[in-house]
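Paired with chain B in one complex and with chain C in the other, chain A is shared by the two complexes that follow.
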Partner chain A sequence: MKKFLSVLLLVTMTASLLAACGSSNSDSNTAGSTDQGGSSKKKVVAWAWDPSFNGAALKIAEELYQKEHPDFELEVVDMAKADLEQKLNANLAAGVKDGLPDIILVNDPNIQKYVTAYPNTFADFTDKIDFTQFSPYKVDALRIGDKIYGVPFDIGVTGMFYRSDYLEQAGYTAKDLENITWDQYIEIGKVVKEKTGKYMTTINPNDEALTSILLQSAGSWYITPENKGNFVNNPVMAETLRVYKAISDSGIAKPVTGWSEFVGSFNAGDVATVVSGVWQVPSIMDAKDQSGKWRVAPIPRLNIKGGVNASNEGGSSWFVLNGSKNKDLAIDFLAKTIGGSSEFYERFLKEKGGVGSYIPAFSSDAYGQQSEFFGGQAIYRDFTKWSTEVPGISLGMYTQEAKDALKNELPNILQGADLTQSLANIQKLFEQQVQ
Partner chain B sequence: MKKLTTMVVHLFLIVASVISLFPFVWMLMGMTNSSSEILKGKFSFGSMLMENIHKLLDMTSLGAAFWNSAIIAIIGTVGTLLLSSMAGYGFEIYHSKSKSRLFGLLMLSMMMPFAAVMIPLFRMFSGMGLLNTPTAVILPTITTAFMIFFFLQNTKSFPRELLQAGRVDGLSEWRLFTRIYMPTMKPTYAAAAIITFMNYWNSFLWPLIALQTQDKKTLPLVVSSLASSYNPDYGIIMVAIVITTLPSVLIFFLLQKQFVQGMLGSVK
Partner chain C sequence: MERKWNKSSLMGWQFVALPSALILLFSFYPMFQSLLLSFQSGKGTVYHYVGIDNYIRLFSDPMFKQAVFNTLLYLIVQVPIMLLLGLVIAHLLNNPKLRFKGFYRTAIFLPCVTSLVSYAVLFKSIFAVDGILNKMLLSMHVIQEPIAWLMDPIWARVVIIAAITWRWTGYNMIFYLSAMQNIDPSIYEAASIDGASKTRQFFSITVPMLKPIILFTAIISTNGTLQLFDEVVNITKGGPGNATMTISQYIYNLSFVYTPNFGYAATVSYAIVVMVAVLALFQLKLGGEKR
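Showing the complex of A and B:
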């Protein structure tokens, strides 16, 4: 009987412990994120995916907003990007509102998908913010129909980071890298390889970063604004893949298989150039022993009508949920800080190295600072200048599906399959996927 | 000839153990190096250990996450062992035709991928007001078809004579279970404890959906959020992974002997 009693005791203790956890939690939950009335503090909850970047940006915005609204409080919940998307989808698909935050961070290629799949879920910002103050291509990504959803945040304006010591050794000066085409880039790469033994760049057939940069630099994308595949009868796409194959064939690119290998290749000094978004700066600066050796030039352009020496890779925006209890407060908070404060963007750059698309901030001292790591070049001034040249495109709903279809065929293209036939295959595959 | 075979076998085993130990060594070395050293592929111990640990503790509330994980894993494991062993015992000892049909149905639930039940489950827990609690993480897997099956299989080799002897001595059915069955089946419980503990400790998708505020997060969720930064610090991630791995390793070594026995069948 003693044993029975002890088991019974254990079970009841476990149950009461569980119940205790349960009730205290649900209490704190209602008191925390959803209740607005009770306390004098007005609390807004936001989901973001990098505590040292976009989470930190929100904290800067909070400080600025608190100057005029001392009772304002912000809670940032950090989680991985994929986790955030999974959670958001689970909540929206289940139609369960509790637990959802007031503000979420959205990766730009997902904007259309979310707004279309979950109508009336996200707040309309069309007349809450002066969108003429932002780089037009960034606003284009947020526009669906005649409405603009969300607040433009960070951008991924691209540049060609290069090792000035390697290129000098190969006989090139900074001037030789301005305003070039990709074919010239490949020629330079061959000389660099011959004279220094270093690769010009990396290539990863499983990563669509380079093709994305090339496409946008000539104002095109994997899909049309009507969400149809944009592979056949698209001269920009054909030229992009020709250049991609040429880089691969020329032997100037070091093959890498993943992100860490890619970052490792330039941290270890194996490559002479890195074509990437401005957010790559901290990774490049991680290799402290290479200080003073790096510079940034505009990216090469496609030798085609509409091709420019500027593009974009990645970027995100802030959305407010319509069902949020603090909707108006969240909108006002974002509009007054990330949506219209030069001070915010200056601090964001100085403290976290983040670049936004807010044009008035571009002329500030923060953006004019010279970087010793980059040999005294005012890199952010250059990046922001290029950001105003990036062609605007619609990212559409099925960017990921289109990229996957392309990735599927890329090995064949690299092996020399007929390009027209391959493009038709990709188009077919994509259409099968999204039907 | 025999010598040659042993040599080949040993060679194979050495290669296999190097391959399976490599990730652990890499993890321990990574812990002591900076992020860019790891990316460059440095394969030796460095001097960054304390700095990585300090940075990790600054960046995350690791203590709270560890506590949350521990609560869920410990209560979940105790609950699962108790309920699943009772079910397995019941299905096997009080055997009947209708019960084995019921058991067949139960096995069917093993075929169901979790993703298919996730959304309904989420709605259900939201309706009960249990979201964002450890209970929400523990309950859905507190009895699994696999664990019941595991206990049922092991009960098949349990000598019924022991139960009969107990009945003759006037033990009630409940005490037969706690006094005779449970002590005899210790190795099975140990094996089940390791499997269940690891499942709870490492579970990711459901806690991700069910837990909503920062202070309720479990360790795997914290590690995952570290890894997705634009400029991830691999040194810090390695420290976090080592901390996350330790309890599972410890439990395994503590129960290793019983685990092996349990997998072979408890009673021989």
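Showing the complex of A and C:
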């Protein structure tokens, strides 16, 4: 037994070592090719962080744009999201514009931070695109002062993915999952745990995804639009943390410590539901053997005034740098494709499963397609319907600081500390952090 | 005679000039600039001088205090364990009668050549909730329920300490080993004729003879621990809460994760500089020659 275990240990270690080496290699390869811009053709360089998603979207846009501009060429440089953000920050802070691309992908919570910290760095899109064609909450995130920076791209409208087989076994039908509150969700979870032995969901105290979803579902956020802490005297925050603690206490959530464990939990069939953004669809569909077993319902709601069964998790937008040599070309390229082409969004959805916020595309056939994996449900039609219900919020500038302040106190809250006192502590810590 | 001395002196200065200029340009100049930066505050490229406000903020910043506490905890717990372990292993491997010496030495030194990120990822997967360690302990019936190592503040720190100890013990061991081989065997011979036990020999001969090396490793380990970054970021991301966050990670967060405030980040870096200097001075006083 001992020998077996040591062999096993060795094999696992070697395997993960190789895996780690492999991924770091691919990172360094892609990062090297940034400086090769400026050839004779009209070439635009873009930075993105997922070659099979946002990188691929640019490739689709390039094909569409090339129909009318045959000499147009786009180079997409892929790098890890954290690397991209660090590179951008370091370059802008140093005032070096040489290594930077023309187009860059920005995670929505970072928008206000970048625009404020690096004034006049990003191109103004206010009258380049018809923003009334996009979901209002998405445009709200891009508006700073009276200007709109960037092109809205993918959205993270949330849904509750669930395993219909587990819930059926526990005695629930699709109807029972419509328009429920989080307390009802927890009750269902207890029954599921008892009847099937499966967890209802996962929990990771080190990840703010769930709290973010809960807050936005009732139109609130960690910070106020004036960039002040939004922890005290905020009923949505108090209710969010009460629900969070209730989920943690109820024993229906499997503890996970990282993203791969989180994805692993539903791919391995350990959990009955996943509350996540629409971009989670490809990861769920990775488990081919679970085809036909999944469905999507609206997320549960907070049982307070303003709470709805829809929210958002993540999403990103395209920015153009003011200092770029091909600024006008880059703006035109984005405006004619991602900023105003139904065809782009149809292809993006069909080929990559990406959902945008371009309203005219929602009525197309692509969005009405039924998914076999989800038992014939027209999931994208549902997601886009929910996306119009998502409360608009201002993400502000200090989201990350506020999240970290919350994380600092979360263990105490979960251990049953007085919530009012804890929230006051968080508020104090946050104000300390932001000055 | 005097002329000749001057000429060789000139020659010497020529050799020294280029490296000195480079150090001045690439090391001291940025240090000076960051000192200036530490008196400024703002967002990104929007800056203004704030005098010593950043330093005042530093002393009332709970996040910074937490980071200092965590870092010092690693320092106080991990460095002595690692140095002692390195010393003991070096002593064992220095035994001339030991067989397969080369194999053991390589095996213990090997962790040092692994990349910081890859071994951190390795530790993360070993200590995952359904990681191999939990599976082993469960199958051996040591525990009934899997332990969420990285979600408990105490265990998470233990994992970090275990990881850095694994990674750096061999590195220190090599220093001790090479120093031990320079100790004249006749000293040990004389000691054993006088009737000194092996333990006595270790503490009364080996350790005092190694004193300069022990001092050296203590200083570089202290320095390394104060700058700890890769392991924490990759294993726990500073969590749970901020229970494992180090000072370096806080600097990183201030510059790249939060709304960038490079001025305050520079202030925190200078806090590390001061701490390293003070600790090194302290260690020199404690372990150095008494003159």
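By our rule, the second predicted complex is superposed on the first by the 395 of 435 C-alpha atoms of A that agree within 3 Å, B and C clash if a C-alpha of one lies under 4 Å from a C-alpha of the other, contacts with A are read in each partner's own complex, and residues count from 1 in each chain.
Please note the rule applied: contacts are C-beta pairs under 8 Å (C-beta built on N, C-alpha and C of every residue); 3 or more make two chains touch, one makes a residue touch a chain.
Please read these numbers as outputs of a predicted model, since none were measured by experiment.
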Contacts of A:Gln169 with chain B and chain C, given as first, second, both or neither: neither
First (chain B), second (chain C), both or neither touched by A:Gly99: first
First (chain B), second (chain C), both or neither touched by A:Gln435: second
Chain B versus chain C as contact partner of A:Thr116, first or second or both or neither: second
First (chain B), second (chain C), both or neither touched by A:Glu401: second
Chain B versus chain C as contact partner of A:Thr388, first or second or both or neither: neither
Chain B versus chain C as contact partner of A:Pro411, first or second or both or neither: second
Touching partner for A:Gln86 - first (chain B), second (chain C), both, neither: both
Contacts of A:Ser283 with chain B and chain C, given as first, second, both or neither: first
Doubly contacted chain A residues - partners chain C and chain B: 17, 21, 86, 90, 93, 95
List of chain A residues in touch with chain B within their complex: 3-4, 7, 10-11, 14, 17-19, 21-22, 25-26, 28-29, 32-33, 49-53, 75, 77-83, 86-87, 90-91, 93-96, 98-99, 260, 263-264, 267-268, 279, 282-283, 286-287
Of all residues in chain B, those that touch chain A in their complex: 35-36, 39-41, 59, 71, 75, 78-79, 82, 118-120, 122-123, 126, 129-135, 138, 174-175, 178-179, 205, 208-209, 212-214, 216, 221, 224-225, 227-231, 234
Residue ranges of chain C in contact with chain A within the complex: 43-46, 57, 60-63, 66, 114-115, 117-118, 121-122, 124-126, 128-130, 132, 136, 148, 150-151, 153, 236-237, 239-243, 253, 255-260, 262
Chain C-touching residues of chain A, taken from the complex the two chains share: 5, 8-9, 12-13, 16-17, 20-21, 24, 85-86, 89-90, 92-93, 95, 113-114, 116-119, 204-206, 254-258, 261, 397-398, 400-401, 404, 407-411, 429, 432-435
